[in-house]
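Scrolling down, you'll hit the structures one after another.
Here come two complexes built around chain A, the first alongside chain B, the second alongside chain C.
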Partner chain A sequence: LAPWIPVVGLEIHAQISSNSKLFSGSQVQFAAPPNSLVSFFDASLPGTLPVLNRRCVEAAVMTGLALNCSINKKSLFDRKHYFYADLPAGYQITQQRVPIAVNGSLSYSLCIDNKMSQMVTKTVRIKQIQLEQDSGKSLHDDTRSQTLVDLNRAGVGLMEVVMEPDMCCGEEAAAAVRELQLILQTLGSSQAVMAEGQLRVDANVSVHHPGEPYGVRTEVKNINSIRFLAKAVDYEIQRQIEELENGGTILNETRAFDSKLGCTVPMRDKEGKQDYRFMPEPNLPPLILYDAKSLPANMNHQQVINIDWIHERLPDLPSVKREKLVEQYGILPEHSFTLLNEDGLAEFFESVTKQTQMKPKKVIGWILNDLLSYLKQHSLTVKESPVSSFLLADLLNLLEKKEISSTAAKQVLAELWKGEGKTPLEIVKEQKLELLQDQKELEQICQAVIDGQENE
Partner chain B sequence: QKVSVEVLDHLEHLALVDFRDSEGVERLQKAIEFADQLHEVNTDGVEPMDSVLEDRCLYLREDDVTEGNCTKELLENAREKVEEYFVAPPGNIPLPKMDEQETFLKGS
Partner chain C sequence: AALKGGLRSQVSAALKEGRVTPTELCQRCLALIKSTKFLNAYITVAEETSLKQAEESEERYKRGQPLGILDGIPIAVKDNFNTAGIETTCASNMLKGYISPYNATVVQKLLDQGAVLLGKTNLDEFAMGSGSTDGVFGPVRNPWSYSRQYKEKSIPKSHSEGEELNWVITGGSSGGSAAAVSSFTCFAALGSDTGGSTRNPAAHCGVVGLKPTYGLISRHGLIPLVNSMDVPGILTRCVDDAAVLLGSLAGHDPKDSTTIQDDFKPFELPNLTDVSKLSIGIPKEYHAPGLSSEILALWSKAADLFKNAGAKVVEVSLPHTRYSIVCYHVLCTAEVASNMARFDGLEYGHRSDRTESTESMYAATRREGFNDVVRGRILSGNYFLLKQNYEKYFVKAQKVRRLIANDFVEVFRSGVDVLLTPTTLSDAAPYTEFIQEDNRTRSAQDDILTQAANMAGLPAINVPTALSERGLPVGLQFIGRSFQEKQLLTVAKWFEKQVQFPMIQLEEVKRHDSGVFQHQKSASFS
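Coming up: the complex of A and B.
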């Protein structure tokens, strides 16, 4: 049997973190009474016009720069037409011809064979990033055969990030998306929480034999978490391979991932190939961005976006943060991954290290093995930890000064988790966990034990 | 060069227009011929202009919340509503295929 090469590409929609929408001044907020965050433009009432939100453009430029893209100094807006109840205008304003950023790359890491100690770095090319409007939300009421439409989300700014088909399996797709999520959160351009629909991923999957042209691809939608992304992609690869090996064919269709059954199913409501009738958005001139060289002298600052100014102010990206942690504290690369993977954990670790004499290489063990596993067991975030960095540092100092053994330290930590407000020293005294350093006292105890034995 | 029945049917589905009778189709045909005159101009090496706004400055708005909170007004336009939601049919109702509809194009 000839081997199969799976090919996976991703289209990711990230909701821009902004106060107001892309082309109107209504608020962006997750849970709100239906249709309360909707302006006349969002509802597509006649006589309304789009007005571009500066913050959304800055978010897209930041993201493009972080992903090593070329920023197009002139980009254009287009209309993509299709009919659906949650798209009141009958078209979406997007950037089909000339998007704001193109030709970037994203590096991500994978563990080989599930061993954290063997990590390999991969790269996926970013085809483009475009600004576009989000649609409203449809709630399907099958019992009454109707759809309820809430336009609160209609018009919210999105960055669509298109990743080239450089990935080959669910694990790679998941790792790439995870890294993108961390980058977006670090930049602040999107909060990228998948559970709240701020990050939506569609996967394009196909398989072919080496040396042959790419196979027909399917699009997989309705993926609600990074874990499900890996499952959906791997399932679809298997499904296609089985189908082809049984003499079947793959249809160029859209499929939905059913998380309960763990499989992909054809999506209803797809009336053949869509003709979107793309046309230039007639109400918006081209979007012009500047850099230090091309900055116009006499323009209102508020109307000018300077790419170089934004570039200078980019925060340290996750990959840079990891390198700094490894260099500064002497921890292993895989440790830096875990630290950044958990919100607030890196800061917690650094805080403890500052407050204790224990070497960072030893502190990291307590953070990753004891603290993190406890938090995981009780589904707590770092922010919700009953043990503060101060308390942990205090405990580690006792251990470092050899006032207690490491077994005793674990006991104290278990007690600290109860969050009863006691200090490590108080618990040590309560439970009599102090290490005895006095030679004479030790001799007395040993003698007493031996004497006790002799009497039996 | 006449516009084929398939293209006309496709246009009716996409744009939800109804050509209604031969006069409507004739009018479309004439409009296309009129626009085709553009092909007589040599545009080699010329950057297409797709908007008369191309030299205008695209105004950038500050990221402030200035609109919204008009649920009642918006819902006044709705024929049907349920607890402040707009009501729509369960999905797109596709136009019947050419053979099934009462369209003029059937006879073509």
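Coming up: the complex of A and C.
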């Protein structure tokens, strides 16, 4: 059988972290009472007009720069028309002709064969980033034959990040999205929490034989976590391969991932292809951005966005942070990945190393093996850890000064997890875990043991 | 007291000196609205709130602290502007009973300056039409139908039958506003202008109709027809009043991203005496097919007027004029299809009883809520926006639009200050004749002289010029350079003074309220 090459591309919608929506002043907030964050514009009241939110543009520029994109100094807004209950105006304002950023790239790392020690770096091309409105939410109440519409989310700013089909499997897709998530969170342009709908991923999947053109692709939606993303993509690849090997064909359709069954199913049909009747948005002039060179001298700085100014103020991206951690602390690259992968863990690690004489290379073991596994076992975040960096540093100091053994230290740590407020030293004393350093005392104990043996 | 005079020159002084009070003005206008109800110019009369506003204005005048020239002045607003607490219907079943929670920016500005909002005026449904005949509240009647001037020239029939059959249309789509100003029920009215909807009824009703430069006055709260061409329009009885209204409305609005950022300074119009430095352009393409010989003669006479006064009058060419109607129809219907997509019965407005599915509810709501004209434009517009048609129609039309706009740029660059053209092809048609043709045909015919200015975003104004042989008003149009309203209105004012357009003699009105209106001395132009 000829080998199959799976091809995976992603369309990611990241909700912009801002106080107000993309084109109106109503607030952005998760889980507010239904229809409590809806301005006249959001409700599509006739005669209302969009006004562009500066913060959303800045978020998109930051993200574009972090993803090595060219920022289009002139981008345009368009209307994408379709009728749906959660789209009050009957169209979405998006950027179809000229988006704000194009032609970038994202590097991400994978473990080969599940071994943390062997990491490989991959790159996926970023086709574009566009600004667009989020839709409201509709809940179908089939028992009462009605649809409930909540417009709180309608009009919230989104960045759509389009990743080219450079990925080949679920693992790559997941790793790429994870890295994007970290970047967005570092920038602050999106909180990117998938569970809260701030990061939504649709996967485009197809398979083909080497040397042949790309196969028909399907779009997979309704993926609610990074773990499910990997599962959904891998399932779909398998499904397509099996279908084709059995002589079937792949339909260019949209499928939903069913997390309970672990498979993809065709979505309720949309009656053939939609023609969105794109049209320029006439109420928004072209979005003009400036850089240091093009910025006119007498321009009101409140009214313009300077790309260079934003570039200068970008924080360290995850890849840079990892390099710095490796360089500064002598830890392994795979360690730096794990540190950044867990919210607050890198800060915790750094805090501990500051407060202890133990070498970072040794500290890292305690962080990644003991602390992290405990947190995982109890589904706690670093912030929720009952053991503070201070306490852990304290414990590690005892170990470093050889006042306790490594085994004893683990015992103390187990006690510290209870969060009863005792210090490591107190626990050591309580449980009599001190290492005996006194030569004479040791001799006495040894002698006693030997004597005991002789008596038998 | 006679209050036929201008706002700045006479009414304002009368109010300040207490010779008349805002309450009196308001009551007079409300009474007149009642007695001219047969005109069907108003959809909603805001009696209570307007009287309250008038009382508050009166208090301010008593304290010697009026907010400005517009304080206490009764104004009417076309029913496609949002007015908080007062029904906004767009003359459509889709919005019958719709009470907006906010004021359009222009409405708010008027209220902030103490104007008294009398009510909302009638129009073609969603401003689509050139007759003000296609709204759900029925057609608007041109007040001149009931004027002595028209009746004298009419073919005699039995008294009542003649009136009923021969009443003429106002033109459209801002017919209600034009009729309201023309019949003295208000001092000024807001209209809208997308292809001529303020200037056309102004010409037919013998009032001044100003279309400002696109981007000068905020569209926030104006229910859109074509976002890239719509402007709020100003209807008044004289050019000076239009300048007053313009001064109170123009300027940047953060809520409308298409308004210009530059500061706008309200101006008073100078009394131009020397026109020798003026260059008037006569675009030959505006000698359009169907232009009545009467209007052609009037246009020519007007050109001579300028020439004899020393101005430079030159024939110019706007070669792409003949493509403008077709181009307008593509762009207009496309934007209409888009703008009307929000009317689905879900959040506001009419909602059908059909409940089987969301789709059926949408479809029935839109079929029930929109008239044929609106639905026709939506279908056409969606056709032009289909992926396979987009380049051929929409993009092509945008390119043609650019050519049309460039025609004007070239002409103005060649030294012409202002263009002089007819506003309409003929005087107002009798209603029975007008409705023989469908809305689309009529619009295509009637828009030809006005809508290029909308394509190019230029300011334009109708100045009532003379009466036709049938005793009906005929106006001429001036088109100016972008944002040069002051120059445009100065020229218009000079012309207005020369032609001395006669005042309407409304006999019914005279019978009820003889104190208000004076006869105008003749010295008319024709």
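Here is the rule we go by: the second predicted complex is superposed on the first by the 450 of 456 C-alpha atoms of A that agree within 3 Å, B and C clash if a C-alpha of one lies under 4 Å from a C-alpha of the other, contacts with A are read in each partner's own complex, and residues count from 1 in each chain.
Keep this in mind: a contact is a pair of C-beta atoms (placed from the backbone, for glycine too) under 8 Å apart; a residue touches a chain by one contact, two chains touch by 3 or more.
These figures come from a predicted structure and were not determined experimentally.
Visitor: Contact-wise, after the overlay, does A:393 reach chain B, chain C, both or neither (first, second, both, neither)?
Guide: Once the two structures are laid over each other on A, A:393 reaches no partner at all.
Visitor: Name the contact category of A:89: first (chain B only), second (chain C only), both, or neither.
Guide: In the superposition, A:89 contacts chain C only.
Visitor: Looking at A:36 after the superposition, I want to know if it touches chain B, chain C, both of them or none. Which is it: first, second, both, neither?
Guide: The answer is first: A:36 touches chain B but not chain C.
Visitor: According to the stated criteria, A:79 is in contact with first (chain B), second (chain C), both, or neither; which is it?
Guide: After superposition on chain A, A:79 lies in contact with chain C alone.
Visitor: So in the superposed three-chain picture, is A:282 touching just chain B, just chain C, both, or none of them (first/second/both/neither)?
Guide: Once the two structures are laid over each other on A, A:282 reaches both partners.
Visitor: I'd like to know which partner A:49 touches here: chain B for first, chain C for second, both or neither.
Guide: The answer is second: A:49 touches chain C but not chain B.
Visitor: Answer with first, second, both or neither: which of chain B and chain C does A:226 touch in the superposed model?
Guide: After superposing on A, A:226 lies clear of both chain B and chain C.
Visitor: So, A:345: does it touch chain B (first), chain C (second), both, or neither?
Guide: After superposition on chain A, A:345 lies in contact with neither partner.
Visitor: Residue by residue on chain A, keep only those touching chain B in one complex and chain C in the other, then list them.
Guide: Residues common to the chain A contacts of chain C and of chain B are 40, 43, 45, 51-52, 81, 83-85, 145, 147, 149, 275, 277, 282-285, 303, listed in rising order.
Visitor: Which of the residues in chain B come into contact with chain A in the complex?
Guide: Per the stated touch rule, the residues are 10, 14-16, 50-51, 53-71, 74-75, 77, 82-92, 94.
Visitor: Using the touch definition from the top, list the residues of chain A that touch chain C in their complex.
Guide: 40, 43-52, 79, 81, 83-85, 88-91, 145, 147, 149, 275, 277-279, 282-285, 303
Visitor: What does chain A use to touch chain B in their complex?
Guide: Residues 18-20, 24-27, 33-41, 43, 45, 51-57, 76, 81, 83-85, 138-142, 145-151, 268-269, 271, 275, 277, 280, 282-288, 302-303, 305.
Visitor: Mind pulling up the chain C residues that touch chain A in the complex?
Guide: My answer: residues 81-82, 88, 90, 95, 100-102, 104, 219-224, 226-228, 254-258, 261, 334-335, 337-338, 340-344, 346-348, 355, 358-359, 362, 382, 385-387, 390, 394.
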